[in-house]
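A, B, C, D, E and F label the chains in the order they appear, each numbered from 1.
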Amino acid sequence: MRNDHREVNQLREVTIETDYVKHPEGSVLISFGDTKVICNASVEDRVPPFLRGQGKGWITAEYAMLPRATESRNIRESSKGKVSGRTMEIQRLIGRALRAVVDLDSIGERTLWVDCDVIQADGGTRTASITGAFVAVVLALGKLVDGGKIKKLPVTDFLTAISVGVLPDGKEVLDLCYEEDSKAHVDMNVVMTGQGEFVELQGTGEEATFSMPQLQTMLSLAQEGVEDLVKMQKEAIGNWAEIIEKAQDSEKK
Amino acid sequence: MRNDHREVNQLREVTIETDYVKHPEGSVLISFGDTKVICNASVEDRVPPFLRGQGKGWITAEYAMLPRATESRNIRESSKGKVSGRTMEIQRLIGRALRAVVDLDSIGERTLWVDCDVIQADGGTRTASITGAFVAVVLALGKLVDGGKIKKLPVTDFLTAISVGVLPDGKEVLDLCYEEDSKAHVDMNVVMTGQGEFVELQGTGEEATFSMPQLQTMLSLAQEGVEDLVKMQKEAIGNWAEIIEKAQDSEKK
Amino acid sequence: MRNDHREVNQLREVTIETDYVKHPEGSVLISFGDTKVICNASVEDRVPPFLRGQGKGWITAEYAMLPRATESRNIRESSKGKVSGRTMEIQRLIGRALRAVVDLDSIGERTLWVDCDVIQADGGTRTASITGAFVAVVLALGKLVDGGKIKKLPVTDFLTAISVGVLPDGKEVLDLCYEEDSKAHVDMNVVMTGQGEFVELQGTGEEATFSMPQLQTMLSLAQEGVEDLVKMQKEAIGNWAEIIEKAQDSEKK
Amino acid sequence: MRNDHREVNQLREVTIETDYVKHPEGSVLISFGDTKVICNASVEDRVPPFLRGQGKGWITAEYAMLPRATESRNIRESSKGKVSGRTMEIQRLIGRALRAVVDLDSIGERTLWVDCDVIQADGGTRTASITGAFVAVVLALGKLVDGGKIKKLPVTDFLTAISVGVLPDGKEVLDLCYEEDSKAHVDMNVVMTGQGEFVELQGTGEEATFSMPQLQTMLSLAQEGVEDLVKMQKEAIGNWAEIIEKAQDSEKK
Amino acid sequence: MRNDHREVNQLREVTIETDYVKHPEGSVLISFGDTKVICNASVEDRVPPFLRGQGKGWITAEYAMLPRATESRNIRESSKGKVSGRTMEIQRLIGRALRAVVDLDSIGERTLWVDCDVIQADGGTRTASITGAFVAVVLALGKLVDGGKIKKLPVTDFLTAISVGVLPDGKEVLDLCYEEDSKAHVDMNVVMTGQGEFVELQGTGEEATFSMPQLQTMLSLAQEGVEDLVKMQKEAIGNWAEIIEKAQDSEKK
Amino acid sequence: MRNDHREVNQLREVTIETDYVKHPEGSVLISFGDTKVICNASVEDRVPPFLRGQGKGWITAEYAMLPRATESRNIRESSKGKVSGRTMEIQRLIGRALRAVVDLDSIGERTLWVDCDVIQADGGTRTASITGAFVAVVLALGKLVDGGKIKKLPVTDFLTAISVGVLPDGKEVLDLCYEEDSKAHVDMNVVMTGQGEFVELQGTGEEATFSMPQLQTMLSLAQEGVEDLVKMQKEAIGNWAEIIEKAQDSEKK
């Protein structure tokens, strides 16, 4: 049995609150159990130097934790004067994942800045960030559509992320909380589209290894979790969901 | 008339939500109108090098804004690799103010880390931070008392902060929102105890100056605001309020 | 009695030596007792990015201490790779204060860089810096007038700064030396114009508080000190004094 | 057909030259085609603070490229004053991978510093680094055994890494060179033990996604590549190979 | 007798391998005994801001050591976030020296980036760097000539560098290895042209001093070493040697 | 004729004012013409980590310029967040030079911090710094002797520095002012003891070279300058001069 009595394939309670902060074009507070992340998407009317003059857009993400989001307080990265390797890995992952489902050619020379700020952490902050960031991005792009700045929602599919892992007893489980995560032998983050395609797969043995059958089981669990998350995203984004479903269909053809 | 129809001596709606984040010893979400700040107080069982071996404690504060707490997105200080002068000024102010009402000799060799993270900004973030941080500190110190680590609540008085200013029409007003603040000729932050003593006074003419009578009027407005804020702090901290009131009395004698 | 036998309302010996360094447009060595600061004003023929194309100028200040200006040696900020919060606060204060008495619209797209470098410190370095920087700025602007680059001296009033405080015995005093400052319960810096208007007011209780009557007494002392300092500034700037006095008069009308 | 006429499951020419630099305890120059990496393993007789007093060791890795290892010159990270996110990701990966096959409890309070310096880059620098670093680490640990500092080679299995990917024509291929890598739709790095267990799996769609069948094909290709690389590692480490094979056997039981 | 049995005026074995790395326009691996340095020259089609629009070029050099080039491992300068004083001194020296023999007016608005990366260090890394960098620069400039981008090789003379010193027994010697260098009382680096003119002279007493006669002896030894090094450079650069010799002749007239 | 009508072997007016700043153990204001440098020597009762427990001392130097010491204002190194290569070179040079004439074994585990701050620059700041720093160091060490902390003045000889160079007309000159220095073909700094031994020799051709006869002439000029400087140092240090002269004599034997 898992320490919080969940089934191996059971997500923690997930909630998505939209329009959480008033200034950003898209703003979401997402919770995966006790993990809470504010995901804000901001639109800037220019692109980084390497893209200028090409008529296409960009998405970049930043990730941070409040110092006391965790059990013991972390030193602020602004005080240390540099961003940790872990933070860099996560923000690169979030940006790359979002770019896989947004048609950057259709948003003009604009940058979407996606800020994922963890206010309370209990495992799975990067997967919650991606899942919430997708919603914030759809809302921000929706505002561009509503404002007549772009013609149609340039989103080709849903995008969610979930963690899977192998516990010390050898059991594969879905959506690890911090207590599970800190003991797990294998930790894997899976980023998938609404149609079940992989966008990112990052599995790590923690002073341990994993076999092909274990990999298969973990990927099946991930697939189950993703389906549930897509449902919640659809509710959060309202009418935009239908437009993304149509985009999925046209992709299939 | 003020742009949000308030009287010159009227605060915006102020709310204080305690136990907002689960890990910190004291945690508060405070709102002054649309300004929202998470104030977390963390207890660390050691002091900075300059205090070691003296048997007394320390309080230090850090302040930050989410990048999109404001109308347009700010670059993260961790990305810039350094903390701005404005941030430094504010966090030094918060720490100094709190140290004026906490008896550092009575908390043992412990550091209270106070993190004020602005998630939505609309003027007055530093005064909201101080007012909320005081509540978070009382709750954290209360836990030390409840856990038997210190004998009694080492807080000598309430502590609140409020802004006052002079608008372009020459009118002195209390608790400026961002729209007022950005146009004001004079901007003053007043940090006061529950008994109406000054802890900090910082007044600045913005390419302008102010006279002694204007100063007097602003200080009176501040005093009115402080009384209201202390009432809200008392509600937020529950039973601890009575103990602080007793401390006030003994100070007076 | 004060440790150096001064009256409570008595300044230390103040001297202002002009043209101290040969390269800057305005250069002053100012002493407040044993506190000695070189104040250099440099003219640069462009403004920071946020002001370009607006036809107006800017004043910015930097402040530093020689490592051994103080009793024990401080690590150089260039070696530490970052500027301390204290330094930032002071240089922001100096710049803001100067901008209050210079008509930035009348100096064209130019930046005045004001460098205050403390070569010997004995308390009151920031107030000496402001008082000396004003003289350096007038001399630099005077050179622009003499060189035909601007039409008239764009200075609307004198600008001086002085510290006041409350000593442990409860006595309010003017112009604290280091020994007094390090023990004072209250420390306040007052920046005033020649006409007695406030430009900045920064009062701080050091693990202490202060009452309204104490504030009043301190502000009176400050006003006395300011009058003396203005006299010395007038001597230092020679003929330019008369022009500033005329500007004062026209302001009053 | 691939641009360099290789089969889809064919490695580039791989060479491993041992004792390349004279000072390090283990030193290797590894080539995967035109990709050349110096892998040096250094032994330090202490561990990082978080491990002190626990009697166990640590492995940490650093990765860098000479500025002109690539087609166009890169700015040195020491000149920029910070390490890029890409570099951090790679060096964290190398360290984590090596720690999975070395028994850190058996090396005493020592740190193995593994430096992977790319002197010429043509794709696959991180996989070449891991494959070469394993050899350097075995040689360094072997010296500790030979010097009587530890009792037996604390290596539980071989460790190799290889890249696989999906080319624009939809073909899955092994060991991508730079030209292939820069166009690939999917890029995956697989770190495996000699017994075919996964240590790390990192697959990324580059503005694209991949399906479960594509994943399966890529993992099979990786497995083929790994077998070849293990053979070359065995040659490079000589007699130590036998000892690792015995460790593999005892792991299986 | 010297610890490696050399005569006082004898160089260590020097080898120069050209085209060592494939991407740079000029690439050399140079060895002075066990000191091995990769010298890469890269051509960039623009100049630093201070030279723009003047129609002339620039040469800049960077120097680094692999962390384990030395007996004990050094912390990477990219990890420290700053470049040491020693590194800065050396790279400024290399750049200045090369600029003395290249006619910058004849290379157009181009920058030659010269990277000297020490992969194994045994004393004399800066002199090996300069000697090797000269060859890399000639090869890179030769490519510009061959590609028709500049008309003729803009190199006015050969450029070599060698160390001399005074050992503890008072003996002056040429080309000190690390063991000698670490004990030497005087350490001098001499950069000379093929015609025996000085480009740089840097002599340092290490908690010691040296007399005029000692200086004379050291300079004579340096001159002998330089002649040998020029011969090796001529071999390495092939036909370009003749062109430089002609340039020497025309300089003399 | 030189632009300021000096003879080729004539120093600018040199003055040395002792006890310039009150806090440091040794403090000097030295002028070489319009070049003015404050040299402060501070005693710290501990040594850097690499020397701890060896019973010997250390001397380290730092060098900086006020931003407007020069014709046009320089950005402060503390604002840039890093120290330039030029600054590093100079401060390493100053420290090394001083260590050559102080017997570090006789000062106990103490560090002498020497701060050379240029308040006005007109060429030759590093040679003025060394010449002034020597006096500050003698005064600081003298205080240690007077205070009974060390037995005798641990200074083995005088130490001065002077620049020489070759002007565009081919003339060798002593003590270049800025106007000469900026045009010179060769620039050489010579650090010598009172007995005429070399401590440091740094000669640089600025896109030019120099011959052995030119070197000889420059070194003769330097020797003349050094004799004059030693006389001024003797006056500045008073009675300590005699003790150093005795140390010179005992060295000779």
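Criterion: contacts are C-beta pairs under 8 Å (C-beta built on N, C-alpha and C of every residue); 3 or more make two chains touch, one makes a residue touch a chain.
Here the structure is a predicted model, which means the values were calculated and not measured.
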Equivalent interface to E-F, taken from A-B, A-D or D-E so that over half of the residue contact pairs match: A-D
Chain centre separation (chain B, chain C; CA means) in Å: 29
Between chain B and chain F, centroid-to-centroid distance (C-alpha), Å: 52
Residues of chain B touching at least two other chains: 81-82
Going round from chain C, first to chain F: chain order: C, F, E, D, A, B
Parts of chain E lying in touch with chain D, wherever the complex brings them together: 21-24, 27, 34, 38, 40, 42, 44, 62, 64, 66-71, 73, 76-83, 87, 113, 115, 117, 119-120
Sites on chain E touched by chain F in the complex: 82, 85-86, 88-89, 91-92, 96, 99-100, 104, 188, 193, 196-212, 215, 219
